[in-house]
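Below you'll find the structures, each written out as structure tokens.
After this come two complexes, each holding chain A, first together with chain B and then together with chain C.
Let's look at the complex of A and B:
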């Protein structure tokens, strides 16, 4: 079962749509005016336009190309060129299961997303994209240290699964989790979640730390270790 | 009762890739249309299609374009009737 964290909840406000990728599948994730989140194949059934380029109209997502609107039940509701026509229910988008939990949007292509329990005590911090391979990101992570508010230096422990990296302290309590969302061979998105021990300054430090990781991962030139 | 129309399409072109039939069936199913398709040979396809006139028109337009691997050179459209239709699905004959 492919379950991917496709974004942080607070990065998808109401009446917004965003593109994402799960495995090899392009998807559009959108939130209706009432807050309902949907994840669909990023392709309009009409002419194949990416739905992530569209607009949210109340409880529908409208394709940018010809304005066909699809409701939260993924069925076509309205065709602007034929306003009197009631679209047949066979005109529908390909919908996937999306679950919003622990501040993260999880999508599964084939069933209910399996969400690891460890995220219950973690809060979302931010997402960041890397234009490089997963290996480059992991390599940069290993050489870029991060210091907690109490002065402890966090280090990356083993990968919990294919896409989750935990940074913890010597007591082995997760301080920071990095969820990797592999978009392609040369593009990775990471979602960072921290426990409640971080101060505001600490969260800012996490944000700067991941930008440093990105610089190191993308340029692939080792620079001097720098502690933040 | 919902208005329906039935039209026959004669499509001429290059269908050697074999993708046209499935593509047309998929499009008919999306638009909730019934009827059949008969691929006589690699250059000649007959289609009969029935349903809401607006959706039938959209279907005709789609058939005149076809998938990327197909070249449609000409499409002739003939209205058969404007009443109910006997097919309950879209068939490949």
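Let's look at the complex of A and C:
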């Protein structure tokens, strides 16, 4: 099973929870008040509510539906309907391994995350959301060029895995990685990571470039949906 | 499909009575089958599936239909005919969830402080006291009694917080009726029901209906109160995974507060009412 990037570290401040997807699996990623990050199957063991809709209370994540609280050890700590009850230790969330490295949160559904070596040389730049499908974003990316500080033009090569796109310069050196996080059929978030060759101006260019990609992607609406 | 034949034996609501005009046609779906409701000259309505007429009746302010020539009888709500009650059909809410999930949520009180915060519940009043639940074999219904819960604003007509008493009936797999303390008329009970139209196994139309003793609030206020509550429930129902109701006890872990839900699931399974349910763990 591959390791997937699910978001940038700085998109998940303390006491926050966010949804993510790894392959076909819906997960919830959250950070406790003291900074511990957990990644769980996005389904409350009680009645199946998406845990990403819950809220963090100190070192626990509380489900939105009935307020059951789960700690960083994945175990249920508190059931509000029965305040005096010590919840059985068998009630626990389905947890996955999550690692925070190079400013990115990585999740593996089975075992230790294997972080692709190339990411050791990359740093997070920014995230951007698109109100359109993955395909629209990819085709807009293919039509939009980005110029490096040294004047070379980057092109998007094939997807490395189902959600990582690498932009190489002609020497095949990864200069920029785009990590896709699909939240629904009509909504995609991309996280951009760049190597250290970019100047401040270069990073600003990356930022403008992805906004241009977004403008192009979001107008790629099929004719039957276009509002004339 | 699992449970479809059994589901075809029941009556389902498809419109509010009197809401269609002459000659009007309304296409909708029931158990995954396209059906059409026809408004008629003499104000009689008919319902067809694939050109064939289906049985129709009007009851509790709704138009009901069924695919069976020999359907199970429509449940009885004797209170509906009591003088002095205001009968309030609340319209329809489309929800992307199993019709059974919608009914189960209606039977649940433990979510009030979290989902209907400061209206039907509020922290720290989260405790669910023990109550009684039984499957009544003679009338084939699930019944929960002596349910109590603290509510900051139990109904449009309630001022301050009160401990509300509830009785729940599941009168058909997709029909639930609740009786609750009626603030303006002590000793009587408001009747609030959830009639569910299964569009398919994972989508439903919910038709809440009420029979209340409320002389102060306008019909529009009562409807908007109930709709606000239901829209809050919808935000939960559309985010439960899986969308179908799991009947295998390994899938979801209940607690004592969920006795009604446990009985409901058991009753569905036993009666083969598994349209909209998952019978095996996934």
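Throughout what follows, the second predicted complex is superposed on the first by the 190 of 228 C-alpha atoms of A that agree within 3 Å, B and C clash if a C-alpha of one lies under 4 Å from a C-alpha of the other, contacts with A are read in each partner's own complex, and residues count from 1 in each chain.
The rule is simple: a contact is a pair of C-beta atoms (placed from the backbone, for glycine too) under 8 Å apart; a residue touches a chain by one contact, two chains touch by 3 or more.
From a predicted model like this one, the values you see are computed outputs, not experimental measurements.
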* Have a look at chain B and chain C on chain A after the superposition and call it: clash or fit. => clash
* Asked: Taking the superposition as given, does A:66 touch the first partner, chain B, the second, chain C, both, or neither?
  -> second
* When the two structures are overlaid on chain A, which partner does A:26 contact: first (chain B), second (chain C), both, or neither? -> second
* For A:89, select first, second, both or neither according to whether it touches chain B, chain C, the two together, or no partner. => first
* To do: Please indicate which partner A:45 is in contact with in the superposed arrangement: first for chain B, second for chain C, both, or neither.
  => both
* To do: Could you let me know whether more residues of chain A are touched by chain B or by chain C?
  => C
* **Touching both chain B and chain C, residues of chain A** => 45, 82, 85, 91
* Flag every residue of chain A that touches chain C in the complex, lowest number first. => 26, 42-43, 45-50, 53, 64-67, 79-83, 85, 91
* Structure fact -> The residues of chain C that touch chain A in their complex are 108, 110-111, 113-115, 123, 126-128, 235-236, 239-242, 246, 251-258, 261
* **Residues on chain A engaged by chain B in the complex (per definition of touch)** => 45, 82, 85, 88-91
* Along chain B, where are the residues that touch chain A in the complex? -> 29-32, 52, 54-55
